Amino acid sequence: MDFLPHTPEDVAEMLAASGFEDIDALFASIPAEVKLGRALDVPPALSEPELAAHMAELAARSAHGSDLVCFAGGGAYDHHVPAAVGALAGRAEFATSYTPYQPELSQGVLQAVFEFQSLVCEIYGMDVANASLYDGANALVEGVNLAVRATKRERVLVSAGVHPHYRDVLKTYTSGLGLDIHELGHDDTGALDPGTVDPTGAAAVVVAYPNFFGRLEDVRTLADRAHEAGALLVCVTDPTAMGILRSPGEMGADVAVGEGQSLGNLLSYGGPYVGLFATKLELVRQVPGRIAGETVDADGRRAFVLTLQAREQHIRRAKATSNVCTNQTLMAIAAAVHLSWLGPQGLARLGEVCARRTAAAARRLAEIPGCKIRFEGPHFKEIVLQTPLDAATLTRALSARGFLVGPPLGTWYPDLENCLLVAVTEKRTSAEIDALAEAIEKELAQQ
Amino acid sequence: MDFLPHTPEDVAEMLAASGFEDIDALFASIPAEVKLGRALDVPPALSEPELAAHMAELAARSAHGSDLVCFAGGGAYDHHVPAAVGALAGRAEFATSYTPYQPELSQGVLQAVFEFQSLVCEIYGMDVANASLYDGANALVEGVNLAVRATKRERVLVSAGVHPHYRDVLKTYTSGLGLDIHELGHDDTGALDPGTVDPTGAAAVVVAYPNFFGRLEDVRTLADRAHEAGALLVCVTDPTAMGILRSPGEMGADVAVGEGQSLGNLLSYGGPYVGLFATKLELVRQVPGRIAGETVDADGRRAFVLTLQAREQHIRRAKATSNVCTNQTLMAIAAAVHLSWLGPQGLARLGEVCARRTAAAARRLAEIPGCKIRFEGPHFKEIVLQTPLDAATLTRALSARGFLVGPPLGTWYPDLENCLLVAVTEKRTSAEIDALAEAIEKELAQQ
Amino acid sequence: MSRTLEPSAGTRAAPDDAFPLIFERSRVHRRAWSLPEPEGDAPKLDELIPEGHRRSEPLALPEVSELDLVRHYTRLSQRNWAIDVGAYPLGSCSMKYNPKIAEFAAGLPGFASLHPFAGDELVQGALELLGTLERALCEATGMARLTFQPAAGAQGELTGLLMMRAFHESRDDRRAKVIIPDSAHGTNPASVSLAGYRAQEVPSDERGLVDLEALKQALDHETAGLMLTNPNTLGLFERDIKAIAAAVHEVGGLLYYDGANFNSIVGVVRPGDMGFDIVHMNLHKTFATPHGGGGPGSGPLAVSERLERFLPTPVLAAPAQDGDRWRWDYDRPDSIGRIHSFHGNFGINVRAYTYLRSLGPEGLRQIAERAVLNANYLKSLIESTFPTAYPGDCMHEFVSTAKGLKRHGVRAMDVAKRLIDLGYHPPTVYFPLVVEEALMVEPTETESKETIDGLAAALNQIAAEATSEPELVKGAPVTTPVRRPDEARAARELKLRWSPG
Amino acid sequence: MSRTLEPSAGTRAAPDDAFPLIFERSRVHRRAWSLPEPEGDAPKLDELIPEGHRRSEPLALPEVSELDLVRHYTRLSQRNWAIDVGAYPLGSCSMKYNPKIAEFAAGLPGFASLHPFAGDELVQGALELLGTLERALCEATGMARLTFQPAAGAQGELTGLLMMRAFHESRDDRRAKVIIPDSAHGTNPASVSLAGYRAQEVPSDERGLVDLEALKQALDHETAGLMLTNPNTLGLFERDIKAIAAAVHEVGGLLYYDGANFNSIVGVVRPGDMGFDIVHMNLHKTFATPHGGGGPGSGPLAVSERLERFLPTPVLAAPAQDGDRWRWDYDRPDSIGRIHSFHGNFGINVRAYTYLRSLGPEGLRQIAERAVLNANYLKSLIESTFPTAYPGDCMHEFVSTAKGLKRHGVRAMDVAKRLIDLGYHPPTVYFPLVVEEALMVEPTETESKETIDGLAAALNQIAAEATSEPELVKGAPVTTPVRRPDEARAARELKLRWSPG
């Protein structure tokens, strides 16, 4: 099925009207030598019923929520997406619209983005947020680049408690800019010891809150030290924790970034997700990407537009604050709808349920002979489970028993060879936690 | 979750403003003696995440399309529902709207219904259609009642080739009216022999086209005989056959009714479906249910309204043409979108694919030792398979092998003890047909 | 002045450009359809279907691209009011919020893709759902068993009346009439006739309640039963219900409860405890299922023990003991028979079940409490301008009269049309017939105080405008794609379908 | 005159009533949320989270009912243009129909609910899909391998430029600059800078094509490569591409193909065959995935064999033999590293795959044919009123100039706004910068002849109005919820978030 409206008569009339012999004549400006001259070797077309069956068959060969109980974490979480979020963010008028270049025809998207920015600022305790970035890693990179521009420095200190993938992306993204990036190892509590951090000459200190191990860093002290040295503090923050934890803004962070998947977006094998980016008003002209702003129209009515575009690639070109153009607006709208569905009480409840069920899971899993929770102290949504078995082997074995856990941490943290992440969202019940524990016990017994 | 917007403050203010002591005072007009005075004994409330999990768990305990290959028929068919149909008929503005009593705020539904009526008339070859009835059985009943009113007769002849459930419903529905309903048995070709039909004194002759066995009745001859005797011909017609078969209108039927599930509606365990009802202009004032009509508005613009309401219960009350009020409008809209997606070529292709794959299935299944296709001659979408085994037993056995067939016919047709229906839609591939045949062969071999 | 429900750009409803029909967008050879080839070596169509059966007339169906189709119905939908767009205070319709979670549930393949002839062993989840819902609805109504076959309230009514007939006939007692109040909904008398009974109306008294004396007059051994909705169509609770029940039972009649107004009493009082023998519910009202522009609904019918054996076939049979299965029981010798092609509007019942499980016992009672609170609050805000037809507190709805505006030449319909321009869907007008210039208002429990305040302010403004600038009111609406369609002409010059050429 | 994109009744955009923010609908203690209780005997929050970490500032998030939420975003959506509403001829954006079947596919739990850390053995269906899509995209571009990590075109650009750098550095060859045409899209120079290169612009010649001589001037051993989109931003095919490629390769540079305009040549000519070494595609353009009001997209990056080893980690490894599994290969010593948190915008790639399988080889070529046909047909209809900036046939889009209207004081932006009142979304205006009063028009292949005729008629009408009644054009639009918002003020008096109080 090709979705083309042209009838044979249309094609003939249109060719004639625009003065072309035939279809091939349309491509006369293409030198014959480069033309393909054959059909592409791609799979044949399927009719819609055949295609629907084919896609269902492919999908059936992947294991998802209803096959496996999801205790997997590491930056992507099995949260409940309220039915209203899908129904509203999925409205065709949002999904099939383009970037709001004509404000008169785009007040729907523009206002939704303005609301998204306001919500992100509110939970992160910031003044300005943008209309979204690609994902958490990308938001972190843009945060660092902002700090580099703002401080005119090139040294960047990144906590090892930041998602290893985000740190990889940071290295890759900035490899052409020759930044000098230092890693700050965690102590045996799984957190960063502020005393060991020397931000002298640094553009930014980057931490995660909670960090990759679910632990709570001492952001305030780190921010103070960073500021003393003239560096900015960039805080990767889980938005679902913001109902119960202090905001990065309150703790002194200059830039708050994060992954918004947990807010109304599906797991979808890692994307499309949404990068959250917020900062202080002083830094607004350094902000990457689109920003919606409020103004008035010719009749004095409130109206929304894309603003401060002089920062962006289509105006500033080589000197733009970022190269981002297409972003993740639809995911941002879903996040806005989800946050509005939650409200202050709902976000607090969400945080509380995650924190308390995580604690319950930690307690239960620690009872398993040979297992322990690697790091002491407060956790949010995620814990590091140390097991007598190789973590990758155990992870595979557990999926055979109907549980998805992990990722195993050995690849990134040699000191955490036999450790893996276990994430607990509001969807995981105590019955499921017990079942997981029993599955692990069985598995260990078998070895 | 209760979906109530009232804050405690709201409740207090509203009670005060309307002069009530407390909530209980609102129910002062209810005598204490009849009040319940306790909480209802119903299951406790679930939060949305818990509810979503609970519903998924219930759903997982039912076997559907992706578990079983569906060759089942008998008035409900596994046709492909184009993705566009669900996306459009599912639009909240259609789904959450009420009956279009205020035309100014209901042009969307009213025009969609007008288009539905036009499409139904077109495929059935009729002048007038209504806005839908509950289902195929209900449409048949209303067709008979129309004939009874129009002819002032009470004798009704119904072919045994009409869906047994429809015939049951007809008996139940009219049991209070004391109609005298005669059944017309099928001959050994599975069709009605017009020669055996004596419509003298009858209000209606009722046949199905194609009939319950997938066979094509001689509607034209039956119509002629009915008309000679002053009776009306009511034809239960499968809309998906109308791309390749003559319309009931063309063959002389006075009333065409049918089940519209095959047009863009899901199987959904038997409902919500949609009853199609169409007839000739002369009979318009006898038509049951709502009808949308075209008119002009105060500015001369084309507009649509509910019309000829004097036929209906809310005006005519005890003398109404029917008691129907709420109908199946949303399913009618889905049917309209599906028919518009198909167009003339698509409907013809749909009919051709069903007919030819059914023929292919008939040929293949007839090769199974001990099996035969019970009735000779042309079929559409459905065949009667005769097997050496008890049909109900075989049906159960096949579902264990991953195929849904049936229904078995013995319960309704003593002469078809070992017979069951096999339905073939455009979704069934020749590979699936072979697999079904092999499953039957295996099953028979085992006995 | 701006337009309400304006179609999108490109379809501006200026007097000159009407919104095209899908047929008018058709172009020969354009297509949206995509279907497989008839496979392999299957015989050709003309070998399969004899010429006499082959379609000869060409079909004038629209030929459009999928994009044409999508834009047509997307824009068409934008020309319609809906609960998801704004308040819908239609009396007797309980237009409350339809939870999205219920749509999610009904869409699960394990419900949406079940074939009605699938064996019981294959659909245990679905049957358990229905079984639990049946128990809950019986508990809420005080009945013993129910059938899910009725697709809507009216079909429930007929089913109940046929069971009433079966009950009497089982005792060789043939009765001729069923009594209904003059304020009854049209489906009541229509169903009575369809069941082969004569409908006899009894008047309401000055309280707006059934005139007990008149009722007693009407009752006799010809009386099969009484149909009543309580609270009644005026939104008033029939406080004499016990006496009414006694009187009807006295003559051997049965009491039928029309559950369209059940929303106002769920968890507070049960039809069974009032003395009713037969009850239908409109799940598309009380249980918040989407109304789909006129349907689908679901009208399950519940009955007391003595009527159980007459229920339509099949009825659901719960597992006798653990390990057993849910199953359909077809062995029902006294059943009135089947009333639906299959098992009723299952998909709607799934939504109702989801709503039930979302609310729980407290939630169920609260919908009644808040529905009644909202109605009385709104009533108090507009009483001075639109007095209610009958004194006293109302339940979930009330009937006001606009007759006071008549002297300015403003009718109830004008009030309704003007209300549209002020951003609200009008209440039900001219029903019930027993009230002059009736405005029947049911805000439902899911509307907020702000919405009700706004609605009241708009109504009071209109009352003022009726005096100051009646033309403004009579000229309304001006903000809609079409204005006051000519209904008389529609009925006179019948245009009931598009026709080619 | 009626309004375009009118919000529904109750939100009439009269000058006085602005559409509220969700925050402005908030009422203390109102709630939509529904979440489980923290279960069982788990320790209380204050035992778990030290005071120093506990939130102290109250959160000013909206408190609304689910119905408030639903109405707010439903009505908000109706205030927006979309492909499903009407034509969207934005140049360089390929706003074509987004098939609904692709939405169905992406929503299947087997795709939508996969966790990115699920083991390869658990996601074989997903990996096979990606593998098949990779092969097809490589075939269509004439490249060897690709990565799906880039979430959009710009991220693909950066990835490609970093690979360009890795390529040169692997040969101990440090280069400083990347050449781009002056008509290049802004992301090109921005990505060049981000990759640590200097962007050097070369002018277009009078044909609107790369000035070959100027290019040769610019090329030297400092040149890492050239970024080009072909057809270029003016919709013209760079016919000297072979010579251009030779010249660039001559100095040891690489050719980067910006695939944003790939729609016009799929199946006709392949970037690889033109001499390009690196190609990004915008699947959200060429492969019809919904643009979501600004995103998400997907910008897979494909490269020729010699660059393969630099691809981001991991890359997909096909089953070596039957029975083997698809897997992610992390053993890539020369890789530039990771560019996305996980595997890119998988959900978008599922949609692109669905589109691919729906079209097949013939379909793919036809989208190019019809896109070019539609553009040239539209061009021929408006050429006399809006001449194109450069002579000759165009590909999928063309750039006209409105400078002829300047003498009536009518600017390109006025034409755009007036077009809105006539029911069409305007083309891209004032881009590319090299054309004065530019109108950049891309109808795409899914628009019908009728739509294009209507668009052309509207544009020609506006040209006439510019002479006869310029004020009408300069005063447009008048049919939208808001009119000509003050962008200067927005940038001057920053209001970038709602704030409490």
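In this document, chain identifiers A, B, C and D correspond to the written order of the chains, with residue numbering beginning at 1 in each.
Here is the rule we go by: a residue touches a chain if its C-beta (ideal position, glycine included) is under 8 Å from a C-beta of that chain, and two chains touch if they have at least 3 such contacts.
Source: prediction; values computed, not measured.
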Chain pair with the higher count of C-beta pairs in contact (B-C, B-D): B-C
Selected pair, out of A-C, B-D or B-C, that shares over half of its residue contact pairs with A-D: B-C
Between chain A and chain C, centroid-to-centroid distance (C-alpha), Å: 45
Separation of mean Cα positions, chain C and chain B [Å, integer]: 19
Centre-to-centre distance between chain D and chain C (centres being mean Cα positions), rounded to whole Å: 46
Of all residues in chain A, the ones touching two or more other chains: 1, 3-5, 10, 48-49, 52, 56, 60, 66, 80, 82-84, 87, 91-92, 105, 426
Chain C residues counted as touching two or more neighbouring chains: 4-5, 9, 13, 27, 30, 34-37, 65-68, 70, 74, 78, 81, 83-85, 97, 99-101, 103-104, 358, 420, 425, 446-448, 480
Contacting residues of chain C [partner chain A, same complex]: 9, 27-30, 34-37, 65-68, 70, 74, 99-101, 103-104
Complex contact set, residues of chain D against chain C: 1-6, 8-14, 27, 30, 34, 65-68, 70-71, 74-75, 78, 81, 83-87, 97, 99-100, 358, 420-421, 423-425, 446-448, 450, 479-480
Residue ranges of chain A in contact with chain C within the complex: 1, 3-5, 7-10, 47-50, 82-84, 86-87, 92, 105
Residue ranges of chain A in contact with chain B within the complex: 48-49, 52-53, 56, 60, 66, 80, 82-83, 87, 91-92, 426-427
